[in-house]
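First chain A sits with chain B, and in the next complex the same chain sits with chain C.
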Partner chain A sequence: MFLRKTVPTIIASISGVVVVVAYFFQITPIGTLADHILKWRSVIAVFALGLGGVNIIRLHTKNIQRDPKNFYSAALLLTFAITIVVGLTMGQTSAPYTFIFDYINVPTGSAIFSLLAFYIGTAAYRAFRAKNAEAAILLITGCIVMLGRVPIGAKILPFTAPATDWIMSVLNVGGQRGVMIAGAIGFIAVSLRIIVGLERRAYGGE
Partner chain B sequence: MSIFTEGRVFDLVTLIVVTGLMGLYMHLARSGLKVKIRPIAGFAAIDEAIGRAAEMGKPVHFTPGFGGLVAATFAGLEVLGYVARLTAQYDVRLVVTVSQAETFAVTEQVMRQAYLEAGKPEAYRPEDCRFISTDQWAYASGVIGVLYRERVASNIMIGQFAAEALILAEAGNTVGAIQIAGTTNAYQIPFFVVACDYVILGEEMFAAGAHFTNNKVHLGSLRAEDLVKAACLAIMVIGAVMTTAGSDVLKTLMSK
Partner chain C sequence: MNISSSVGVWVGAIAALGIYSVLVKDNPFYRLVEHIFVGASAGIAIVTGIQTFKSQAWSPLTGGQWLLIIPILLGVLLYARYVPQYSYLNRLPLSLMMGAGAGVAMRGAVESQIVGQLTATMIKLDTLDAWIIFLGTLLSLSYFFLTYKLEGGAGWAPKLGRYFMMAAFGAAFGNTVMGRVSAAIGRFQFIFLDWLGM
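Showing the complex of A and B:
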């Protein structure tokens, strides 16, 4: 109990207070300590990354043990091992390592990102069905904004361009700011509960 | 030279007032102040989502999103605690995917604790709490893979999400899962609204602890949050009136 809750609570409280004080006050020793705390955070995150790596290896090794034909798990473990070996032995600036990053990692990431364009289409197709009053409003607003955002839309229906500007700068911004302000107040509440040790989930439970 | 950082004095005073108010209401709630919260459809639907998974004999998927240990992630983990307890009680498999290593360590502990609280610590399967990747698109593709391979009955996504939000929600929709999502990221909320069955909007997420556990500290801080929101609204109205009248006193005060 002491090691699992009291010690983390003390560390979190001191770290939280120091970083907040360093933000608002110009006290050199506190500022230096806050910088150190932020660096320690990065170091701790690297240790956690090790835990994550162990989890990946354990999970996919089990998958292969259960089904030796599991191609996906085998491919993941193989690429995982190759990347680590190349990175450790040849360095992160070596040609093989940058090849893996520039010609495998970046393009595959971009491919997943590109799915977003198609998913926007399928989501819009489902959302733009006037099933009830709210959906009808969404449909009408969506149509106005889509027409107002393209030159031909404003040519067909000239009112869509100023209507789009009004929707985006008044309704949209107003709603988003409401969410942001309320979210920020919620952030303060959660942070305060963590600093005083009342946010039990922050320490993994009770 | 002033001890205060220039331009942050008003922020400091605001933080002190807000913190004091929250501390006061947390104390009052613990001392017996009654605080009621309105029902939130997204939270109420979690029981339905787990019940559906139990009937179908399929797993539930949960992810606290792409963020590290930020407030939204903690709100997600609060919900995860409840979801894990319920899935343990009903013998439903729960698969959790995590994108950040530091979040993974806490998530694993939250799951263990929830299974313990449900009286079924032996039902916890470490391989069902999965660290995917710290890379945004690798995480997205990993979660899509889990949703398709496990054919989940319910997909719960509550936490910090960015551009991958719609990709995950559409993948969940494709496998026919009932979907409950929540984020404080105002840019991603519309995507969740169009793609999910239930959406927990922004600050509603922070009511998770109060909703599921009736935690008095959470209830007290919720009451304080409402008061602070009312004060923000009042300042905005006063500011608009003063600016319209040609006075920039409030603006000058807030920039100090």
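Showing the complex of A and C:
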């Protein structure tokens, strides 16, 4: 019980309080401790990354065991292994590693990113139906910004380019600022709950 | 047409075509490219992680910074989840990460999201735009006033705040769409110009 509940709560509380206090007050020992804790956090994060790697291996090995013809999982594991071996033995600046990064990772990643350009059309159809005043405002500002961001939009409707600038620097700022401040207050509340041990589920507790 | 002779360009173009093939329907080509991408991305993340571990933990540790043994041991405890009998031990490193993360998030939220935004709002109200930003912030904040429901005379504030937020969301949506379209144009330029040489 002590190791399962009490110790994790104490660790979370101390590390949270130290990091916050070190930021708002100039107390040298606490500042040093906070620096250590933040450094430790980034070291533990590397182990957490490794945990992700182990999970990928476990999941796809199981997939292959279940269905030996599952060449997708085999391809994933093979690419995963090749990337790691190349990166660790030849270095991150070697030609094979750069090839994997520049010609597999980057083009595929940006193709996946741009795929949303096609799907977002159907989302726009649903979002941009002027059913009420709110949806109408969303529709109008969205359309003006989309037209104002491309040269052809400014050719068809010349007012869209300056209107986009005004929407982005005035209307958008007013609306987003309220959301940001309210979100930050919520964020602080959740962080406080974690620090005082009321949110033990955040680190696997009950 | 002057088709590229670079192996890298061919690989990149075939990968992009594989991804775009899902627009017709889910198919083995798409799934293969997708799995290769996940494998390569995860591999790159692991390599970067190992290099970070070497530079931030292992080298300083062997150089005499013995305190770094603590996060290394805590990091190893993350793997206790694979041993059911001791799986609870992974809460120790997680609690440090969550506690420190909450602290970092808290100070970031206070400084940049509250103080920074309030400071930027409280400027000299000598233009119409400054008034719109000021009122927009106040009204959209009133939408999140949840202590009790603002009704009657005060009910218009959250309603107007919602209008401001919708304008902001519309602008964000338009920006996102154009960002994605621009990325798609970049990919098509790669396929038609770099690969096919059209």
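Couple of notes before you dig in:
The definition used in the following text is that the second predicted complex is superposed on the first by the 158 of 206 C-alpha atoms of A that agree within 3 Å, B and C clash if a C-alpha of one lies under 4 Å from a C-alpha of the other, contacts with A are read in each partner's own complex, and residues count from 1 in each chain.
Heads up, the rule we're going with is that a residue touches a chain if its C-beta (ideal position, glycine included) is under 8 Å from a C-beta of that chain, and two chains touch if they have at least 3 such contacts.
In this text, all values refer to a predicted model and were calculated from it rather than measured experimentally.
When both complexes are overlaid on chain A, the residue A:30 reaches neither chain B nor chain C. In the superposed pair of complexes, A:133 makes contact with chain C only, with no contact to chain B.
Of the two partner chains placed by superposition, only chain C is touched by A:13; chain B is not. Look at A:107: by the touch rule set out above, it reaches chain C but stays clear of chain B.
In the superposition on chain A, contact of A:161 is made with neither chain B nor chain C.
A simple residue count on chain A separates chain B from chain C, and the partner touching more is C. Once the two complexes are laid over each other on the shared chain, residue contacts for A:188 go to chain B and to chain C alike. Of the two partner chains, both chain B and chain C are touched by A:179.
When the two structures are aligned on the shared chain, A:198 is found in touch with chain B, with no touch to chain C. Touching of chain A by both chain B and chain C, each in its own complex, is seen for residues 20, 23-24, 44-45, 48-53, 56, 72, 105, 108-110, 112-113, 115-116, 120, 124, 127, 138, 175-176, 179-183, 185, 187-188, 190-192, 194, 202-205. Residue ranges on chain A touching chain B, taken from their complex, read 20, 23-27, 44-45, 48-53, 55-56, 58-59, 62, 72, 105, 108-110, 112-113, 115-116, 119-120, 122-124, 126-127, 138, 175-176, 179-183, 185-194, 196, 198-199, 201-206.
Listed in rising order, the residues of chain B touching chain A in the complex are 1-5, 8, 11-12, 15, 18-19, 22-23, 26, 68-72, 74-75, 77-78, 81, 98, 100-102, 104-106, 108-110, 112-114, 116-117, 126-127, 129-131, 134-138, 140-141, 145, 163, 166-167, 169-170, 173, 184, 186-187, 189, 191, 193-195, 201-203, 205-206, 209, 217-218, 221-222, 224-225, 228-229, 232.
The part of chain C that touches chain A in the complex is made up of residues 7-9, 11-13, 15-16, 18-20, 22-23, 31-53, 56-57, 67-68, 70-72, 74-76, 78-79, 81-82, 88-107, 109-110, 113-114, 117-118, 120-121, 129, 132-144, 161-178, 180-181, 183-184, 186-187, 190. Listing the residues of chain A that touch chain C in their complex gives 3-4, 7-9, 11-20, 23-24, 34, 36-54, 56, 71-73, 75-84, 87-88, 92, 97, 99-118, 120, 124, 127, 133-135, 137-146, 149-150, 166-185, 187-188, 190-192, 194-195, 202-205.
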